[in-house]
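Common to both upcoming complexes is subunit A, partnered first by subunit B, then by subunit C.
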Partner chain A sequence: MKRLLAVTLGVLTAIGGFVDIGDLVASSLVGARFGFSLVWVLLLGVVGICVYAEMAGRVAAVAGRPTFDLVRERLGPRAALVNLIGSLLVTALTLAAELAGVALAIELISSVTYLLWLPAVLLMVWLVIWRTRFETMERVFGLAGLALVVFVVAVVGLDPSWSGMLDRALHPEVPGGEGVPTYLYYGIALFASAMTPYEVFFFSSGGIEERWGRKDLAVARANVFVGFPLGGLLSLAIMAAAALLLHPAGVEVGNLSQVVLPVAVPLGKAGIALAILGMFAATFGAALETALSCGYTTAQYFGWRWGKAVAPRAASRFHVVVATALVAGTMLVLTGIDPVKVTEYSLVFAAVALPLTYLPILVVANDPEYMGRAVNGRLANTMGVLYLAVVLVAATAAVPLMIATKAGQ
Partner chain B sequence: MTVRGRRVAAVAALLVLVPAAGCAGPSRTGEDYRNKAASTAGAAASAVNTALIGVRAAGDGRVTGPYVSVLLGDAETDLLAVQQTFESRQPPDEASDAVRERLGKALGKAADALAAVRIAARRGEVRELPETGRDLPAAAERLERLEKEMSS
Partner chain C sequence: MNPQEDTGARDGGASNRRPGRAYSAHFHLLDRQVVDREGRPVCKVDDLELAHDEHGRPYVTALLAGPAALAPRLGGLSARWLAAVQRRMSVGGGGGPARIDFGRVTGIGPVLTVDLPEGAAGVHALEDWMRDEIVARLPGAGRASG
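Then we have the complex of A and B:
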């Protein structure tokens, strides 16, 4: 019974925890601008994160060490340092976007500018990291994030033509007035939002925090193969709702307030309340995950003690990195930079950093020295190599497309 | 150039190019100016249509006061940003002066309509928003027409 509860809670947490500010913004923006023509990219991304999160979870459960810990040992300190710097910068930028997302969600219920809420958000996130148990933290925000199911209800409430939606998703074409480079640029951003690097750092380090062993492989796999696809369904619903209401009206999404609009029209005030609760929980949970991921990757590279299970006094350097990342992220947003632009840039740079994250996972998951009989099978390797190729293409094309399209204008 | 020098140059180029990717460039020809005017009209129409959906939902009692206040404030900020960017562009010839004048008037009317609903929302007059925002549909239509005309 206890095991079943762990699986259920893990799955629910993964559903709620999958969606973050990147998914909220990218899904809504893409749905409003391109209708259903980029649904295939979202599905591609969800399968990709499943392939690599399963590997990272298996490595954590079998080797008993998180991926980043093994990267330095396997690839050497120099290559691992490049990996660390790239991943850390992208994760810190994502953290800034998540903190802004929490403050923006509060602004939507208070109408007080998000900039005034940011210091309070910083304090809340730090207090939760400092005081709350890992499992409690993960479950509370993951489960509250399930309020985003309201977007699925909103899609039904908007009374769409289901066959028409399916047809447009299955026969994607670049909408009139949009160029192919812009279509590809947003496709890469959407792909990166599903495969954000911090998700695997957090997933594998979280497995160590929860003391996963071989017996927990089923829990890890259930989290991945049920939780992430259902989380992907939430992103799909956000995209579909925007495609149904905002796309025909020619609305371009540039603010979080617009993301809620397709829920407000069919479901009214209760829908708005649930959507904002879901956004708050999803971005708060992701802020915790990204802040911790900054600490995890740095501490694992330098061989420091790390983790929430360890007393802060014993893992002081880990906590200093987490606190520094939080303060730096807050200060970046306090400059007044557009938080949605920060999110868009974080997704593009995440796309560039994807190979740095996923290549080492593939290498380690194939190493019998760490994995014994649990090394990758033929299917995992085939999918892993295929996705690595996709990730390399996305990483190579991201910045040139950003420059060519003037960041998707 | 050494390998190290090339790496430094590549990083420097990236640091210059990436932030510049989001900036608006100058218009050197009348055609370029018209294209930029068309995209300005499209972005402005997006802001007005956002407000229009919100205002109609407010009339049906489907939105909360704080939410619609933020939504309308964001829409107005977006519109003012594209208006300011467009007005700061130098029209390259006399034909462009006419484009500037027509779009400038449309943007001004849209900005007035958005300011009216934003003020009403912040005063708590949520149910009256459809009446206050009666000029929004015409403003959106005018901008959409200009977008089509200038991009053809």
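Then we have the complex of A and C:
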């Protein structure tokens, strides 16, 4: 049991990357529109985030440095500031969407509009950050988010033709009626959300909050190799459920209530209840992850004291940044903006932040002055360089594709 | 550059440097995290104060920290903004960057360890103001959540 609980940081981090509000809707939308033809991108993203989260976790455990420390040290103050601004925009916009997502999950149960729930959600998220122990937080929301496993059960319950699914996933083709640029746009969006920078910020800072040392390298690795594939599996199940039921029916997924539809067919009310619980926990967890990440990155850029292990009054600037991000996010959602659109547009800023985040991690993970004997092996370096190239291509192509396809319309 | 004993390496972390090997100001000092004896973050090395010895060779006399030290290194619009914010937020005269004498540096590794007198750690005007005016007024601000 203790072993199981030790990997909840990885699980919570992955939930923020793979099944946050934007991805819940996007995975479902991609499944409904493109069937199984984008599954390979998801797998590409899972491997990519594993490669870099493993490096970031190892640097945190061995050298005791969180990711944004490395960004500032290796890129200098100017490029790091560009990264900070880009990352903060992605993270804060995602945070806004997650707050709306929590409120939308409550709306699904209560039928009271999500806008009325927002202030309560803001208060709840802030209270958890202010008062809850880091470990308690990651365990409660990491494990409750696993209620989304109901989508895996639903896919199995639908009794699909497994060989047919595998065949369509292995031989992807652009479905009729969809343009190639649209296909590529959704592919990049899926990949960028799997490798979104706040995952490594949160993961490495979380490792330091848990006081990882060199002896915890195995724990760090277990977190990576259990958490992220699990997040990917949940995302895949949501996509598959939509591909099996909504794709043939021609349903266009636009909101959260449609995401739960495929669960209702094989599992009924109990399935819906679990799916909504999972969505609540996953969006809440993602809100915590993004809110804390805003504080972590800013504090680590400027060298302030940060984290939940010190009393708030000893890390007041960190807590002010977190609270400001929460209030700003709530106000943005209260304008009535579509929260799913917000996460789509945050992709533009991710394009700036992704390469500037992963390059310093790769450089420091190779530096024996930080890492001693725990420097990257050949496999980590090969994968690291390959993925840096993929990230660069995706980052360069993201904005033109977004404009060309009018954000995937 | 002042050669310093590498005592700051974390337990089993960074490999010890060979004695006498030079440190690069750019690579080992600038933009590193500064921590106090207990490992609590103090600031970043935002800039270095240099002096010249009798042969005209430069050596580091102090670590400089805070927006006033960082702004000139950023250049462009961001530098002007940061400097403007810093001017408006600094209390009293001076307004120059915070300065940590290089003799207080006890270790150079992934972080710079400094030996600060008790009570002087991390005192920045902005931190003080935010603590006194905002954070300390909220219930539970004095206890760590862990």
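By definition in this document, the second predicted complex is superposed on the first by the 387 of 409 C-alpha atoms of A that agree within 3 Å, B and C clash if a C-alpha of one lies under 4 Å from a C-alpha of the other, contacts with A are read in each partner's own complex, and residues count from 1 in each chain.
The working rule: contacts are C-beta pairs under 8 Å (C-beta built on N, C-alpha and C of every residue); 3 or more make two chains touch, one makes a residue touch a chain.
Not measured: the values here are computed from a predicted model.
After superposition on subunit A, the partners subunit B and subunit C are seen to fit next to each other with no clash.
Of the two partner chains placed by superposition, only subunit B is touched by A:S257; subunit C is not. In the superposed model, A:I109 makes contact with subunit B only, not with subunit C.
In the superposition on chain A, A:I403 contacts subunit B only, with no contact to subunit C.
With both structures placed on the common chain, the touch criterion links A:G76 to subunit C but leaves subunit B unconnected.
Contact comparison for subunit A: of subunit B and subunit C, C touches the greater number of residues. Contact with subunit B, but none with subunit C, is seen for A:K269 once the two complexes are overlaid on the shared chain. Centres of mass aside, this uses C-alpha centres: at subunit A, the angle toward subunit B and subunit C in the superposed model is 130 degrees, to the nearest 10. Shared-chain residue A:P368: touches subunit C; no touch with subunit B. By the touch criterion defined above, A:G303 reaches subunit C but does not reach subunit B. Legend: residue contacts after superposition of the two complexes on their common chain; A:V320 is shown touching subunit C, with no touch to subunit B. Here the smallest spacing between CA atoms of subunit B and those of subunit C, following superposition, is 9 Å. Common to the subunit B and subunit C interfaces on subunit A is no residue.
Listed in rising order, the residues of subunit B touching subunit A in the complex are 14, 17-18, 20-23, 25, 39, 42-43, 45-46, 49-50, 52-54, 57, 60-67, 69-71, 74, 78, 122, 144, 151.
Subunit A meets subunit C in the complex at residues 62-65, 69, 72-73, 76-78, 80-81, 130-135, 213-214, 299, 301-306, 308-314, 316-317, 319-320, 368-373.
Residues of subunit A that touch subunit B in their complex: 107-111, 177, 245-246, 249-252, 254-255, 257-258, 260-261, 264-265, 267-269, 272-273, 276, 341, 399, 402-403, 405-407, 409. Interface of subunit C with subunit A (complex): residues 10-15, 17, 30-34, 40-44, 46, 65, 70, 73-75, 78, 109-111, 122, 126-127, 130-131, 134-136, 138, 140-146.
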